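Everything below concerns the one structure shown next.
Chain naming follows the written order as A, B, C and D, and within any one chain the residues start at number 1.
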Amino acid sequence: MAAFLLRRTLQTLPILLAVALLIFLLFSVIPGTFASSMSDDGRSVIDAQVMERMNKEFGFNDPVHVRFGKYVAQLAQLDLGMSFRTRQPVAKVLAERMWPTFILTLASMIFAIAIGVPLGFIAALRPGSWVDTVSMVGAVSGLSLPKFWLGLMLMYLFALVLGWLPSFGYGDGGLRYLILPSIALGVAPLALLARTTRAAVLEIMNADFVRTARSKGMSERKVVQWHLARNALVIVLTTIGLQFGTVIGQAVVVEKLFAWPGLGSLLVDSVTLRDIPVVQGAILLIVLSFLVINTLVDVLCAIIDPRIKYS
Amino acid sequence: MKFRANLLIGGALFGLVVIAGLFAPLLAHTDPVMGANLMNAELPPDTEFWFGTDAQGRDIYSRVLHGARISLTVGIVSQLINTVIGVCLGLSAGYWGGWWDDFVSGLTNLMLAIPSLIFALAIMAILNPGLTSLLIALGLTNWSFTCRLARASALSLKSQGYVQAAKVLGYSDVRIMLTQLLPNMLGPIIVIGTLGMGGAVLAEASLSFLGLGIRPPYPSWGSMLSDARDQITTAPWISIFPGLAIFVTVLGLNLLGDGLRDILDPQSRTRRA
Amino acid sequence: MTAQPLLEVQNLRIDLAIGNARFPAVQDVSFTIEKGETLGLVGESGCGKSITALALIGLLRPPLSLAGGTIRFNGKDIQNLSSAEMRKLRGNRISMIFQEPMTALNPLSPVGRQIAEMFVLHKGATWKEAERHAIEALASVRVPAPDRRVKDYPHQLSGGMRQRVMIAIALACGPDLLLADEPTTALDVTVQAEILDLIRELSAAKGTAVLMISHDLGLIANMCRRVGVMYAGRIVEHRAAEDIFRTPSHPYTKGLVASLPLLGARAQHGQKRLQEIEGVVPPVADFPVGCRFNPRCYAATDVCHVDDPAVTELRHGGYVRCHHHD
Amino acid sequence: MLKKLFITTAIALVMGGVAEAQTPRKGGTIRFTAPYGSSFANLDIHTSNRAQDEIWAKAIHRSLYNWDAKAGKPVLELAKSATASEDGLTYTFKLRDDAYFHNGRKLNADDIIWTFNHLMDGAKAYPGARYARMIKGGVEVEKGQAKTISGLKKIDDSTFEMTLTEKVDPGFYFWTATTSIYPAEEAQKDSFAANPIGLGPYKLAEYVPGSRLVAERWDKFYKSGQPYADKVAIMIMGEASARDVAFRNKEIDASILGPAQYVAYKGDPELSKGLLEVAEVYTRVMGMNPTFKPFADKRVRQAINYAIDTDLIIKRLVKDKAYRATSWLPPTSPGFDKSVKPYSYDPEKAKKLLAEAGYANGFEFEWTATSNESWGIPIVEAVIPMLEKVGIKVKIKPVEGSVLSEVVSKGEYQAFIWSLSTGPDPQVALKCFHSKTPQTACNYTLFKNEQVDKLLDDAGATNDQAKKVDDLTKVNNIVFEEAPYWFFNYNKAVMAHQPWLKGLQPNATELAIQNYEEMWVDETSPAAK
């Protein structure tokens, strides 16, 4: 297992490096600079001298290849650089925003898994029944809603009309504040997980070994418990891993809507303000977390499915 | 049978959108851009303005119709780009193998690791908001599934007798890929493309919300919905109709994709849930 | 034949549903198996022999369904049993071995556990006891070092070993009837004989009756006293094994016999070339009118295209379903 | 006579009644919002000049001057007096002796001098350098040619001298938060970045980046009895629709409104009671680039002003959340001329002017705009059909804010629409039309007019305040006539506040920036405790 883990970890390194390269190149041609963003609200007149100094300080006067060299040298020392805006190390800025995003994605995934997977199971065990039809129509509808629209509706319903939950913000980090944004973020993966689980269970239901299990005189319940669940889990886990990427991407929208102080809103802000080191750092961190989660999923799958380790 | 219902309802909904888009100039009451008349601003739906009017006094019904063109363009063109990229890379990687295959696999993993909305966001910021930018942004960021599928199909197909036979006959690699391999993987690729079109329409809405979507004068549903979100208490109709249009289109495409999958790609229900 | 047979199947009919239409995939199938006896069922793939076995153990799933006839096991009509009663029978009194040992075993579960399940399900054993029984069961199917093998996963075992595990599962509870559906087809030739010997030996030792299903007439001849030949959902010839070889009656049986490579006698009689039956088994929805074998039959006449032949009893026991039987 | 007396009494009665009801209540939490984005830059206000950051800085920090919203001008904050020399270039400041930093140390002239030196640190490129550059010797420090600003001299612990490079009112330069006074020694420690120490009415209690900043009452604040509330919590809420829900849900005490919400709140019997409206010193304009041939002709620029039904747009689209612009300077400015009439809506005249300029068949131009609802694409969309009527076609070029400011200052546009700061100092605002002001500074339309140059030079040189205002008014009117811009509107900022929130100030420079020490909540607030 240790060797497997090591191999998987080593495989992620080139991806990270390539991402670093890609986003550096992308953002080296972005129009607008941090200095120009400082006066985008029209409040203060652009001070050409300050702008010039800022651009000099942030190294924008160097040619791209020089900047890239510096950037790679920094990265090699695990240094993400300094944020233009906060004038603090990017690592520190990211660290401040990591936790809320972690909590939010975790909560929405738990919400999605806790409801989506059982729903998919129930639907698959009774294909064609009303439970199946209703949940699958619900799932495909859930996949068809614009996220911010859904979030806004949730806000209106649960905060304004019903008054059950706070409408925005992180508050004291308590659960009450977490519920609405994680539902808004979790509906799509929920729908997807329900569909995947259903499809996986249906597929496994026709597998030879399930027939064998039945031929042993097992009740349907035991068939599901002893044989079907574990096999479906591998497929569901893989889907969860891949979904994580989508969820963390969509978190950008949900965080902005709910004023949630996570990486997503930091990323959007930093793109708007052209705080490029933070943008690069945030994307790298998001990619890294995606890779970590998927490595974890692979390890879990390898524990569940003994065939994986050896292939 | 259920899959028939999928196909039927999905096809009907999508067909509705296609008709709306194709015949928008005939069906629309006013020009979606020049129809602005501030004297009519924010009128609720009535017999003249079926869906009401927006803040600039434009007929929302006409704008929703014309928006279908934009959304269809976004969905179809971005998916075409994705499909072409995915198929070219995947097919050639699976067929040729070797370092090219390693390279393409690495690239696919890379694309998979960057959440596509974030990637698209970055591209939109670089290219400035707009329709062309959006087509590029969405077209470049969602091909990894197609690529994986094309590669896997090419790998399994290339050892088949008829492909080997074509090789012996001296067909060029490109010809073999296009005439022998491609037709045999078309089904699942069409399914992915159909579902991806729905994803693209939603992505357009998300990017509009983040301020990086299509910008006027194109009446895109995403920007209509996003711009109207502040008026939801005062003039809900401005957002309801474009929202509904997005929902109907994506729902139709999802159902259509499901239905097509049952027909074209029956053995792999779980491949790309 | 004084005692009642262990299994008595009469006019079995299994339907295949396609859309709203239903087609008989198996029709008018009748046979009996005595206690401890081995009956062979032979035919090409798609002829309905496997689903007949599934019907016997009550495992038909949509789109297949039991549409008629009786299955009497130990004198009881099993199609009338409740699902709980059926489960007690399944695995315990009637068990089954499947063709593909790789997919028939759960890839994510150690083989020991998959055997142990039988003792937990039917003998009320605890998992601990069951594990011990599983080792014994593995030993009885001559798996070397069974105490270590129980922890192995299916993919770590060879095909032959996997099939031994299947046999251990099937015979764990000492069933009265074993349904062996092409138990050796997926295996290497050298392993095939070992597995067949094992089935023969263990069933003899435990007094288990066997329904041996195969497309391989030679194998069936080796294992069974009586043989049913199936074609397109029907038993077209049902006779003692040696009669089938010596005097095949149905043109299809003749074809099957002629396609056998190994019979020295025939080789001596100058028949050098193996013969092949042209064509394939028609799909269920496309069964021809009249005799279902008529499109492929060398002896087919007009009547064969019109009338479905009835059963004809043969002089030396057994029956055949042909207008032109010898 | 009797009547007049009666009225006076009535007013006195009303005033008295109001005053009684308005006795500030101590305690509770003010739940304020920062609406211009989803985060603050950091806790070092010297690094940012954005309104968003000034919102929190006003709680914690103070500058030499402060904006007096009621008087509409900067007033001394940290100093008791400022005495100008004969030539009007040197000011002697006497600091107040009751100002204490949050660590208990008393304010000292060294702190002020250190702060301005710090702002001029060339390597740091602080936005405040723009103001401190006004002090003689500042530029040398910025360029690294000197260690300290020569124009700043400490007389004693509570007195210092400041020499300026130009004859300007220093108040207009040193009142924003980006020139906040830092404690000299403490500010050089690393811990200062996370624990800012200021002179403001509140000291930092908690900061959750991207979410909120909470500050608690600083007991040694120099204004007696103030601040009133125990705490001020500033929620960062960039999304207007979410802010709307939160406000209606009574989770926040104040919210800046956009046009759509303004209408909704005005129409609501409850919500309409808590609206604070202010004419802000921002002018929304469409800039026309004279290097684009049609716009080089004054008649074309005027035609554009005639062709657009500006009043209609303000009424129907902006929902009256703006005042019609009748020139560059806003109505609160001393240089504003009330007698000037705005360009009328007259498409025929526009067509005539276009024809005279040789564009009878119209032309097409590209209009660079952001998505801002008050001065961006939504406005352009309403203008398009109006210009179409006089034969002018418009192509929208959508950009982001950071790109807009870059494109405009480089002159890489044909037309742009923006909201530009036109106050509070009319001299500063009009200097943007001096031909010597480069495009990169604020002469975005490359304005060049000899008369304007001369009037501006005169205004800068004179000591006569009345003449100065007169000159500036003339400049303002010439600019209006020359029409380098389509003069759209002056912003009407609107803040909705809950009935229990009192003491808000009508800050015309930016309504969202408030002196928290004057605000208080009554006992009906959910956060009154």
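Observations
The definition used in the following text is that contacts are C-beta pairs under 8 Å (C-beta built on N, C-alpha and C of every residue); 3 or more make two chains touch, one makes a residue touch a chain.
In this text, all values refer to a predicted model and were calculated from it rather than measured experimentally.
The chains in contact with subunit A and with subunit B alike are D.
Across every pairing of chains, the maximum count of C-beta contacts belongs to A-D. Taking each chain's centre as the mean of its CA atoms, C is the chain most distant from subunit D. Taking the mean of each chain's C-alpha atoms, the chain whose centre lies closest to the overall C-alpha mean is A.
The centroid of the Cα atoms in subunit B and the matching centroid in subunit D are 44 Å apart. Centre-to-centre, using mean CA coordinates, subunit A is 52 Å away from subunit C. Distance between chain centres (mean CA atoms), subunit C to subunit D: 90 Å. Counting partner chains per residue, subunit C shows two or more touched chains at no residue at all. Chain contacts: subunit D has residues 241, 399-400, 403 touching two or more partner chains.
Touching two or more other chains at once are residues 31, 152, 156, 256-257, 268, 272 of subunit A.
Pairs of chains in mutual contact: A-B, A-C, A-D, B-D. Taken together, the subunit D residues at the contact with subunit A in this complex read 36-39, 41-42, 44, 47-51, 122-127, 129-130, 133, 142, 193, 208-212, 235-239, 241-243, 245-246, 248-249, 251, 282, 370, 375, 399-406, 409, 418-421, 428, 432, 438, 440-442, 510. Here subunit D touches subunit B in the complex through residues 240-241, 244, 258-261, 263-264, 267, 309, 312-313, 315-317, 371, 373, 377-378, 380-382, 384-385, 388, 396-400, 403, going by the rule given at the top. Of all residues in subunit B, those touching subunit A in their complex are 2, 106, 109-110, 112-118, 121-123, 125-126, 128, 198, 202, 205-206, 209-211, 222, 225-226, 229, 232, 239, 243, 246-247, 250-251, 254-255, 258, 269-270, 273. By the touch criterion given at the top, residues 33-39, 41, 55-57, 125, 128-130, 211-212, 215-217, 227, 229-235 of subunit B touch subunit D in their complex. Looking at the complex, you find that subunit C touches subunit A at residues 57, 59, 61, 84, 87-92, 95-96, 98, 100, 103-109, 117-118, 121-122, 153, 155-156, 166, 169.
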